[in-house]
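The same chain A turns up in both complexes below, where it pairs with chain B and then with chain C.
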Partner chain A sequence: MLHFILIRLARALLTILIMVTFAFVVLRVSGDPVLALLSPETPASVVEAFRQSWGLDQPLWVQYLRYLLAIVHGDLGQSMRDGRAAVVVVAERIPITLLLTVPALILNIAIGIPAGILAALKRDSFVDRAVMTSAIAGFTVPSFVLGLLLVLVFAVELPWLPSGGAGSIQQMILPVVTLGVGGAAVLARFTRSAMLEVLGEAYIRTGSAKGVAWRRVISGHALPNAAIPILTIIGFMIGNLIAGTVLVESVFSWPGLGSLLVVSVMSRDLAVVQCILLFVAAAMIIANVLVDLLYGVLDPRLRGTGRASGGA
Partner chain B sequence: MSDLSIGTGTTPKARSKRRLNWAMPVAVRLALSWICLMLLVGIFANYLTAHDFAALDLRHRLEPPIGFGGSPAHLLGSDELGRDVLARLVISIRMSLLIAFGATLIGAVLGTTLGFLAAHFRGWVEQAVLACVDFQASMPFLILALAVLAFFGNSLPLFVALLGLHGWERYARITRALTISAGAQGYVTAVRQLGASPWRLYLRHVLPNIASTLIVTMTMAFPDIILLESGLSFLGLGVQPPLTSLGNMVGYGRDYLTRAPWILVAPAVVISMTTLSISLVGDWLRDRLDKTIS
Partner chain C sequence: MTFHAFNPSNPPIVEISDLRVAFDATPVLRGIDLTIARGEAVGMVGESGCGKSVTWLAALGLLPKRASISGSVRLDGEELLHAPRRHLEQVRGGRIAMVFQDPVSALNPVHKVGDQVIEALRLHRGLKGAAARFEALHLFDQVGIPDSARRLGAYPHELSGGQNQRVMIAMALAGQPDVLIADEPTTALDVTIQAQILDLLQQVRRDTGMALVLISHDLGVIGEVCDRALVLYAGQVVEEAPVDLLFSRPSHPYTSGLLAALPRIDGPRKTLATIPGIVPHPSELAFGCAFAPRCHQRALICSTTEVRLPVGGQQLRHRSACLLHGSTPARPEVALA
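This part shows the complex of A and B:
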């Protein structure tokens, strides 16, 4: 088990390193950062002083090492908009975003998995078709369209809920629903096919043939085996959820990480963008490690290998 | 994530049905008709409306569509600058489809090429390609795309190229796997023994054999790209004015959600219907052509 965790950690660090290098390379390739920051009329001496003060006159590999060293020390530069440390600017938005993503993930799971199981058990019935049709619809309607539609209905036509902002439970409802529905659709579709696959296995037939109650066959044999591919897809969904918050926060003017990213991209506040990039990479890695550890819990065969065989 | 299947649970009964069933369900027919309609609108965009999509008409601002108190002059109403919503919609459809086609092609060509390279050279080339595939698959693409836009600024060619990077990893993964397994088949050995160059081998012999899988992958990547394009344009970080795209129209219409919802309803419906139709057709094609992708 320790070996397994160590391998996961090494991989996680490698991914972070690739991400950091990606940010560094893209940043340098995209043009002279000094000229992007200062106006064209700035005198040459000022430009030179600026270059020196930021270490931009050093060779590229020195800059890269310095950059890595700074990141190890938690120094990710300063926001160009208000001069505070980028880490602080980003960190203070994280809890606000989690307020949306955690309930949305719970909503995903609470709707998606039961709906998928139901559709699989009642295959080709009316319930199945209804679930699958709404799953396809939920999955192809873009989140910002769904969000605006909800605003139009529940905030404009029926003035029940506020259309945006943060601070109260009422303001959370629409964004969480918007985020939750798309993921639930994906999860329902996937749960259904995972369940169908398992239900076709021989041990299910054996179980029901020897007289085990159907309910017990489902809960004791089918579900635990379908859980592994479902868990894989939940791991992937974390990424979708993070991407989804960017759009949904923008629709509902929710002051989280997504809104910060959009504003920073527009004003080309590179330190903040880079910092968000690293935070997202870290979040994805943590999610993946958690999923891998859960694989080990769910399936003893996977404990030694550190890799799920039956992934998506 | 459109590569999730609706019906992978193939029962023995379904498997024994050897004959391909080309009879189309009604939903797929409707979806195909919608796609054809959108293609026609895209091709003949210039001839479809009397208005110029950028022409201002400040005396007829925020006019509702016909049937909701509007005049026949603006069938779908007009926006905050008096521009005809129908004309903008038609031009936007063309723009969004062009971008999605361009980006899908870039992704397919890039991914397939890398897949061939990985399968041909094996060794560290393959490992490098697979590492990139893993990296791409593990990061939410929207975030990467936003970062690149922040670093490089925005222009239409860059935007299309950037969207082309979305989904390349699927083609790379599939091409690599299929090429490696094709290498074990007789025809590849035969062509190689006859002295064909790798180019000829891969483009003339392997590619046609794996094309159906790649085409299915493309139909499944296409809606994703439309969603991504409209999402970024909605945020104001995609297609820039005076050009317009479907996401762009929704984004700018958002400010008039209460006073003039028709500005954004029309493009929103078109985006949803189009991605829905292509997904339906893609699923159906996959079930017919290729059961291996799931």
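This part shows the complex of A and C:
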């Protein structure tokens, strides 16, 4: 087990390093942050002094090594826009974003899994076709289009909900729905196929043959097996949710990490962008580790491999 | 060898008559008649797709909804076909239990084997907690699983194929059924394990007095375990006889062909005989005898006359659905000029 955890940890660190390096290089190659931040009339001497004060006059590799060294010491740099520590700027946006992503994930699961199970149990019926048609509609419409449509209907035509901003439950509804619908559609499709596959397995027939009621066969024998592939998809969906917030927060002017990322990239606020990416990478890695651990809970066949390699 | 089926003091526990099953209008069972007496061991033999398993899946209502089923399946005189769901759930595992071919895929991979046995104990005998665990231990001992206390907590992937099949048998015994249907119980196992499982089935039958229906494509296995055997071909019973008669004086050309294809351990080594051709697809059955196109003895009448196993009730010990070799006790074999 220890061996397993160490390998996971090493892989997580490598992933973070690759992501941080990629962001570092791309941000510096794609434009001069000084010119993005200072107005074009700024005297050359001031520009030069600014460069020196942020260490931007150094060769790229020196900047990179300094940056890595700082990260190791827990220093993620300062925002060029307001001079505060990048960590602080980013951290204060995290809860605001979680306010969207957590309800959206719950919405995904609460709609997607029951809809998929229903479609599988009523295979080839009207219910099945209705669920699958909605699912296709749900994940082919891009989130920004869906967001704008929802605003048009529920904020402009029917003035029931605010079109943007944060602070009230009403303002959460449209962005959460926009963010949640695509994932629910994907999850419904995967749940359906996972259930159909499991329902064809021999142990389902065994359950029925020993007198287990059909409802109990579904809940006690089919679902625990179908949960394994479904969990994989939920793991992937967490990454999609984080990516989705960038668009959805922009559409609904939700002041979370996504909006901050857009503003920071535009103004080449290097430390903040890198810090956000670091957080996103860490969040996805944590989500994946959680999924891996849950695999072991759901599937006894996987517990064996951890034990065997750990020698416990 | 005893023939319970012919003993009037032992009425049949299961009576299947004219059982027909079709999938999307393609017939897969074309009128099966069979009776099982208490405590007897009956073999059902035939190639894959002949309807051996479908007979029992249909009887227990385990076929998918698209299957259309007609005929009659009576358990102790009570009709099972289209019976209420609750009644069928009581029968499944409680009166008629099944053991399937590949034990590793027939057991749920995410549940401990002990829990899977305990589930059957709870359903059919109302046992819970320590009492259920105690009974499960007893069943594991009965089916010869060593170190039973530890094995209760094992998952199917942690046990061998043979041990998993013992778990399946323990699970089937949990409901104290009157009839155990063993559907190719040894096909997926190593040869040495096969013999052990067959011994175990015979032993539990002796211990519990339940009837055993052994489904197999292997006549040798049937001959070893059963009193009586039915030979199925293309969804029909083509021959039924006590096993010794079936082996010594097969009446239907298909049975003769199967026996000729059996390797012998004694006598000189020779090329095994094969039956030419393949089993026809259920949707492409010719009129008349389904076996006629592959039969080396076929006559004109075979493809012009529909043939069924003669209805002889319990008096007729050896029956054959062959127009040329219709077998009765009086005329065990009729040679045709």
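Before moving on, here are some points about what is shown:
Assume the second predicted complex is superposed on the first by the 259 of 312 C-alpha atoms of A that agree within 3 Å, B and C clash if a C-alpha of one lies under 4 Å from a C-alpha of the other, contacts with A are read in each partner's own complex, and residues count from 1 in each chain.
The rule is short, and it goes like this: a residue touches a chain if its C-beta (ideal position, glycine included) is under 8 Å from a C-beta of that chain, and two chains touch if they have at least 3 such contacts.
Here the structure is a predicted model, which means the values were calculated and not measured.
After alignment on the shared chain A, the placement of chain B and chain C results in a side-by-side fit free of clashes. When both complexes are overlaid on chain A, the residue A:225 reaches chain C alone and has no touch with chain B. Rounded in steps of 10, the angle chain B-chain A-chain C defined by Cα centres in the superposition reads 80°. Once chain A of one complex is fitted onto chain A of the other, the partner contacts of A:298 are limited to chain C, with no touch recorded for chain B. In the superposition on chain A, A:17 makes contact with neither chain B nor chain C. When the two complexes are overlaid, the chain among chain B and chain C that reaches more residues of chain A is B. Legend: residue contacts after superposition of the two complexes on their common chain; A:153 is shown touching neither chain B nor chain C. In the overlay built on the shared chain, the residue A:49 is in contact with neither chain B nor chain C. In the superposed model, A:69 makes contact with neither chain B nor chain C. Once you line the two complexes up on chain A, you'll see the smallest CA to CA distance from chain B to chain C is 10 Å. Residues common to the contacts of chain A with chain B and with chain C across the two structures: none.
Contacts from chain A toward chain C in the complex involve residues 201-203, 205-214, 220-221, 224-225, 298-301, 304. Note for the complex: chain A touches chain B at residues 15, 18-19, 23, 26-27, 30, 120, 123, 132, 136-137, 139-145, 148-149, 151-152, 156, 186, 189-190, 192-193, 195-197, 199-200, 233, 236-237, 239-240, 242-243, 246-247, 250-251, 261-262, 264-266, 268-270, 273-274, 276-277, 280-281, 284-285, 288. Of all residues in chain B, only 1-2, 4-11, 131, 135, 138-144, 146-153, 223, 227, 230-231, 234-237, 247, 250, 254, 257-258, 261, 264, 268, 271-272, 275-276, 279-280, 294 touch chain A in the complex they form. Only residues 57, 60, 62, 85, 89-94, 97-98, 100, 102, 105-112, 119-120, 123-124, 155, 157-158, 168, 171-172, 174-175 of chain C touch chain A when the two sit together in their complex.
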